[in-house]
Amino acid sequence: MNVLAAPAKPAGGPGAAEKAGGKTLQRRRGRTGYLLILPGFIFMLLFFVLPVFSLLATSLYTKPPGADIGQFAPALEFGNYAVVLGSYWPELLRSFAFALVATAAALLIGYPMAYLVAVRLRGRKLLQGILLVLIIAPFFTSFILRTQAWKQILADEGPVVPVLRALSLLPADGRLTATAFAVVCGLTYNFLPFMTLPIYANLERLDTRLIEAGSDLYASGFTTFRTVTLPLSMPGVIAGTLLTFIPASGDYVNAALLGNNRDTTMIGQVIDSRFFRVVDYPGAAALSFILMLAILVLVTAYVRRFGTKELI
Amino acid sequence: MRKTIGRWLVPVFGGLAFIFLLVPIGYVFAFSFNDAGRTNLSWRGFTLENWLNPCGAPAVCEALGNSLQIGAAATVMATILGTAIAIGLVRYRFRFNATANMLIFLPLATPEVVLGASLLAQFLNIGAELGMGTIIIAHTMFCISFVVVTVKARVASLDPKLEEAAADLYASPLQAFWRVTFPLLLPGIVAAALLAFAMSFDDFIITNFNSGNVDTFPKFIYVAATRGIPAQANVIGSAMFLIALAIVIGGQVLSHRRSKLLAAR
Amino acid sequence: GTSGTGKAAQDGATAAAAEDLSAQEKEVNWANWTLYLDYDEKTGSYPSLEAFTKATGITANYSEDIDGNDTYFGKVQAQLAAGQDIGQDIITLTDWMAARLIRLGYTQELDHANIPNAANLLQNLQDVDFDPGRAHSLTWQSGFAGIAWNKEAVPGGLRRVSDLWKPELKGRVEVLDEMRDTMGLLMLEDGVDIAGSWGAAEFDKSLEVLTRQIADGQIRQVKGNSYKEDLISGDALAVICWSGDITQLNFEEGGKWEFAIPESGCTLWSDNLMVPVGSPHKANAEALMNYYYDPVNAATVAAYVNYISPVQGAREAMEKIDPSLVDNPLIFPSDEDLQRAHVFRTLSADEETDFSGRFQQAIGN
Amino acid sequence: MVQDQLTTPPGEAAATGSTGGADLSLVSVTKRFTDFTAVDGLDLTIPAGSFFALLGPSGCGKTTTLRMVAGLEQPTSGKITIGGRDITGTSAHERPVNTVFQNYALFPHMSVLDNVAFGLKRRRVRGAEEQAKAALELVELGHLAARRPGQLSGGQQQRVALARAVVNRPAVLLLDEPLGALDMKLRRQMQVELKKIQTEVGLTFVHVTHDQEEAMTMADTVAVMNGGKVEQMGAPRDLYELPRTAFVANFLGKSNLIAGTVAEDRGDAVVVDAGGHRLAVRKDRAAVHQGPVLVGIRPEKLTMLWPADAPAPEANLLHGRVLDTSFTGVSTEYLVQVPGVGTLGVFCQNHGQQPARPGDDVVLAWDTGHAFGLGGDQDSTAGAAGEDGP
Amino acid sequence: MVQDQLTTPPGEAAATGSTGGADLSLVSVTKRFTDFTAVDGLDLTIPAGSFFALLGPSGCGKTTTLRMVAGLEQPTSGKITIGGRDITGTSAHERPVNTVFQNYALFPHMSVLDNVAFGLKRRRVRGAEEQAKAALELVELGHLAARRPGQLSGGQQQRVALARAVVNRPAVLLLDEPLGALDMKLRRQMQVELKKIQTEVGLTFVHVTHDQEEAMTMADTVAVMNGGKVEQMGAPRDLYELPRTAFVANFLGKSNLIAGTVAEDRGDAVVVDAGGHRLAVRKDRAAVHQGPVLVGIRPEKLTMLWPADAPAPEANLLHGRVLDTSFTGVSTEYLVQVPGVGTLGVFCQNHGQQPARPGDDVVLAWDTGHAFGLGGDQDSTAGAAGEDGP
């Protein structure tokens, strides 16, 4: 399974690779190309680009004096941005902080999983297949059911907290749910497949002979990992971190189910409540836009820094 | 000594990661056998009742049915549109190549709340009735990018010489596509479709914005979580997991067997 | 943009209601709060509803979709504004929210000819300012918001709202995301007459208490009706909650909790049945309302949910159903209790936006 | 669309091996890529039924030429005809041409049999399976018909690719370095089979290769390409014995090219002065008869003698000293330093003679009839090993 | 961990080219995979500073042997020592051994310079960059230090791989078919450079190749492996001139092996009767002196004469008829059918003689000193072309 495979460049074998790479990979011009991409792009235009523009328009609306709940007038009220940013920058920062920690945790957990399946179990097709399915199959249990299960497992009266308390790993009145810790755990857990799959897809094509070359050149196991395996799997790592970080920073379900109302509120929750509870469409739209721009800026900087144009 | 640690570190750590991944699913599975009341929070005794009567909480099955329909429709649409884009982008040159790639990447870089909210704004603007249709459109939209990314990798690794060989062997462009290109892309397309279905089936946030009064399985559970998730939801969650597992493992075993048989001949 | 919603809302008032298909489609869909209708755990069904179906031939689909007024409004607002069918023929929302819906034209006008029993509506509920003549709404139940606690964990019980801030309850307290109830109780504790003419200053003072308790981690979460789940799981030991819920919980989960009206008083509210604008089953909805305005049926519900019935004659009917409940102060509150119960004053649209915005921000939304 | 002859049942043709190919001709064909002319006004006529080899350094335009014939690339200008019919504008699947690709390009998702039957089925030939089976038997792979290409060895894959092309009885069969990836042993074996099939089936083969020995042993006609043009074309032995340019002399085998100036005209020969040595070249073997000239002589045509055994000083006799020797089994290669001329290579078949050692003084002699003369204005290393190297 | 000598500054060593290698020896090394014995009780001693070539058909265990020396595979039993020190149990990164992998295995994410400096940096050698630069100069790639491997040609990559290994001054340098993927021209060129580097640097080279000519021109010692065992080992010329088994005779170049029975003992030679022909073999060149025997004679050692020119009937003279000829440039190969004996191959260097044609009757003669005798119980085609084919 080649899920989320970010195409890796061939490692540059001699002759053969050059030949394959030369004129044969030339791209054609022509009508067929347009016919192929047009339907999809029209769809994306209608249901992604246009909506984003209407969101942009909405974010500049004003509430005319005396208007009732949910009634706004088209305008160019850039002040909306200042207002929501002024009130909600902490949630924005927190979202990024949580997403960052969750991404790091998912990387720490997902990389060994991917490595185990892709490299250590190479050649053992059946076992590889089963483990790969186990990585995606949680999607079918429903994200919320699993999060709810975590909530129960980590509840104050659940199986884990009393044990931790007894072991003094948690203070007597300590708890796991309704904490930032729980929210980050939930994010880590729920986006783990998005981290693992691209790394797997990359490591699967890792030429293990390069690892051997590393050890042949006096690099110990860990050094080989650090200097050879990891750098080579960077495209996968970058794809994985992006696919984890982006949805995690916009998520609100984990914070809603596993968080409290104090130090776990994420920007997604705010956007949701601005839309649905406060019925402040311009504010919600402005916040959405700020979130999108912030992510784009972060992602661009990140991709520039670690270089990979595979995804974009 | 250090070598042994190194040898075992990855399997042990990776194994723990898998356990982490599976614990809540185990919990869901276990509580599908709970003799639950209106809430399914505490263990009240073992029963098979929920499994024998999975539609005992009728809304669950209805929501599941919706989710399956939506998943199927969105998967088909996203897979067709996305595969076409992937082939087009890899094999053809366009003047606006960079823009096209950006257009595929942007939805991936947009948080779900934003996608959901903007699409909702759009639907309201054009007065579309929220329901199955709008959910399917929304799901198709966010699945396309994943399909493109997945299939693109496959197309890129496909040797264009094979298509040339087909043309050389009297296959018209259409025949070359169906007989050579498509079957070779199929594993990538299947993987993409599987992923698309999984993501559609599991989506809550975007769905919540655009679903109107149609319940999907995740949405049902999110709402039910406020009043008590019926044990039947656990049954369905577990069953879906097991079915997905069985299908893919079954496929794996079959192809494994077949390749063994072929090799043996 | 989303102005469409606003525009549609304005048009909505004049927009023709959906065509009534009640005659062909013998069904009615009803969205309600959890713990708000008699429930038989053994069969998993709602007995009074089944009786309704038997009596009228109309199938009732009951869903406990409403966790809070704001969340539910958010969920359906867009469709209501567009005049679309939200899949519900009756929705059950609190006075102030009912006021908003009616004002925005999101509801259909009731045909009282179809609801002869509406005459049984208690006198003091008949002419409310948000719906003169009850053209769009009928009260479902009324109740108090007070405090409740887990009897094992808090053996001494709680008497005042400020008892919730005891150190031993740290992190185990939950309050409602319903601004009027949570803020109402806090303001009452601060000595404000919530029905009277208070202003932003008073609101802010109590909001600060809330903010501090959330910030200190005293309050675990701010929730809608789903606080019920946390009481059961044990995550919450003390809550601001709605009166009847606790009785039902005790009935279903074994007597662990106790409800009280705080010393400084409690809020009094009513929830109202309304037919949303896109509903194609208005006549069926009216039949259902009529059914529950029959005093006997009203008493049957009240006997289970333990909320204040708005139906004249329910008390008499209760005598026959369960005489022990005739004196239940939650169902038939004493004058003394009613004295301590206050209705949160009506807010102007601007106040509404302002206060609710700040409340949401305080509770971390 | 497809030529008539393609629809004659190939089964019979295979049995009789007599369909034969068709004349392929390219008339001033040019292919320009954006900024590069890969093929430059190429004229080429390949008679029906012949085995034609196209040789040339990497990048000289061999593949491009083949791709234009196959219809996978359109010429920028010029005309391509097969059996007299202009096919320039037609697309690949309409041409009576098949290709055996360098990497075989077998369809990995089909069985070997389906691969071979592919072309027949596209043309809706009846009995495709049977013909495909027969073609597999021809390449002795009948027993592997059910396998996937991935389960075959390189040599087997090559034969499948061949069968897949041959089964269609194309007018012209193009082979683009199909043996390039094989090790030498397998390669020699494949050469034999390829030649056998060509003889049996009698198609027109156009074979691109980097391997001169391969070209020379297999082909009826060899063309040496350089920079998008044909430098020389003819029977292998003619090209080898009498190259017309330094490039061909160096590219096809090794040559010692000695620069000099024509000093004397002897009527049927010229005598060249090279660093004081006098070398005779027959006029019919010399491209120029005056001025600067390159005298060429193949290493195997040189006889190495001990000075004592050398004949009296005369033309075609060079005294030198052995610099290096290397034993390759069949023969030994000597590098001999000749003052005033440079280093010459000499091959001596290992017949048991006493080998010379580095430092030994030797005399090199050759028959005048073996030398050849080239225009002296050329780079004497053109086409030599390393010229197109890294 | 790493041997002392590895820490002597390689910069100096490179300048003087005098560090030298270390004796590598394998003592009854066996490697069994689950169900297959890839290397079977191998004994091998490779003297320090020598260029050792390991030859053998595909799958005979060459790579496995090298991998065990490098520490990438653990032997099932047996011992490996370098310079007398047992390294059997140590892991790859602790061994004073470097490998030039067949596919080069260059790190694609590092510059050429970083690739070359990798090993030095791992051992925290000071001045790693400078040494790496020097090594790159050695392979004449100094100007490409900043490139990525993907931007190099195959030949350049090969040289980087070589520099990356050589720069570490390993006791032993393993080369696993590093030239396998190159075309012949480039290959010959690389061979020269490889040999030059080995001579300059003086390490112990163990070179695995499929190409006998390569092995013979480059190595001091050649070992021919077959089925996990060494069949014969020695100087290239010795192995070629006097193979001890049919396998070696066929695998190293071509051989005509004629089956017969010893008919007569002449003291210093035996006379073999083969299909009625009498063939003499010197006793010191015969593995057996009685009973069934294979008489071997290399194609280039055969002289082909017109019957008229043949000497009087005597031993070592066979009459036959030419079946086929093929011109390869330098020489022509004839297949001659000899009644009672079979088909023999003959190479004739193209000296300008009148070539025989198929159908001509010819006489083959050879010097008794060139024939060799092998035990007659062997398969005379063992190791011949095609034996390990598809």
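Order of writing sets the chain letters: A, B, C, D and E. Residues in each chain are counted from 1.
In this text, a residue touches a chain if its C-beta (ideal position, glycine included) is under 8 Å from a C-beta of that chain, and two chains touch if they have at least 3 such contacts.
Because the structure is a prediction, the values reported are computed rather than measured.
Visitor: Quick check on the contact graph: shortest path length from chain C to chain D, in steps?
Guide: Contact-graph shortest path, chain C to chain D, evaluates to 2.
Visitor: As a test of whether you follow the contact definition, which chain pair has the most C-beta contact pairs?
Guide: A-B
Visitor: With chain centres taken as the means of their Cα atoms, state the distance from chain C to chain E in Å.
Guide: Using C-alpha averages as centres, the distance is 92 Å.
Visitor: Taking each chain's centre as the mean position of its Cα atoms, how many Å separate chain A from chain B?
Guide: Centres of chain A and chain B (C-alpha means) sit 16 Å apart.
Visitor: Mind checking the centre-to-centre distance between chain A and chain D? Centres are C-alpha means, answer in whole Å.
Guide: Result: the chain centres lie 57 Å from each other.
Visitor: Going by the contact rule already set, what residues in chain E reach two or more other chains?
Guide: Chain E, residues with two or more chain partners: 91, 152-155, 183.
Visitor: Of all residues in chain B, which are in touch with two or more distinct other chains?
Guide: Only 3, 41, 121, 125, 159, 161, 173, 225 qualify.
Visitor: Give the residues of chain A touching no fewer than two other chains, as numbers and ranges.
Guide: 16, 20, 54-55, 58, 152, 272, 275, 281, 285
Visitor: Which positions of chain C touch chain B when the two form their complex?
Guide: Residues 1-2, 4-5, 8, 34, 39, 41, 44, 63-65, 67, 76, 78-79, 81-82, 84-88, 223-226, 228-229, 232-233, 252-253.
Visitor: Can you list the chain E residues touching chain D in their complex?
Guide: Counting only chain E, the residues touching chain D are 58, 152-156, 159, 180, 183-186, 188-189, 210-213, 216-217, 236-237, 240, 252-253, 298-301, 303, 326-331, 347-352, 367, 369-370, 385-386, 388-390.
Visitor: Provide the residue numbers of chain A that touch chain B in the complex, in ascending order.
Guide: Where chain A meets chain B, its residues are 1-7, 20, 24-25, 27-30, 32-34, 36-37, 39-41, 43-44, 47-52, 54-55, 58, 109-110, 112-113, 115-117, 120, 125-126, 129-150, 152-153, 189, 192, 197, 201, 221-222, 242-243, 246-247, 249-253, 257, 268, 271-272, 275, 281, 284-285, 288-289, 291-292, 295-296, 299, 311-312.
Visitor: Applying the document's contact rule, which stretches of chain B touch chain D when the two form their complex?
Guide: Chain B residues touching chain D: 159, 161-162, 164-173, 175-176, 179-180, 183-184, 262-263, 265.
Visitor: Would you mind writing out the residues of chain A in touch with chain C in their complex?
Guide: Contact set of chain A toward chain C: 54-55, 57-58, 61, 63, 66-74, 87, 152, 155-158, 173, 175, 177-178, 259-262, 264-265, 269-270, 272-282, 285.
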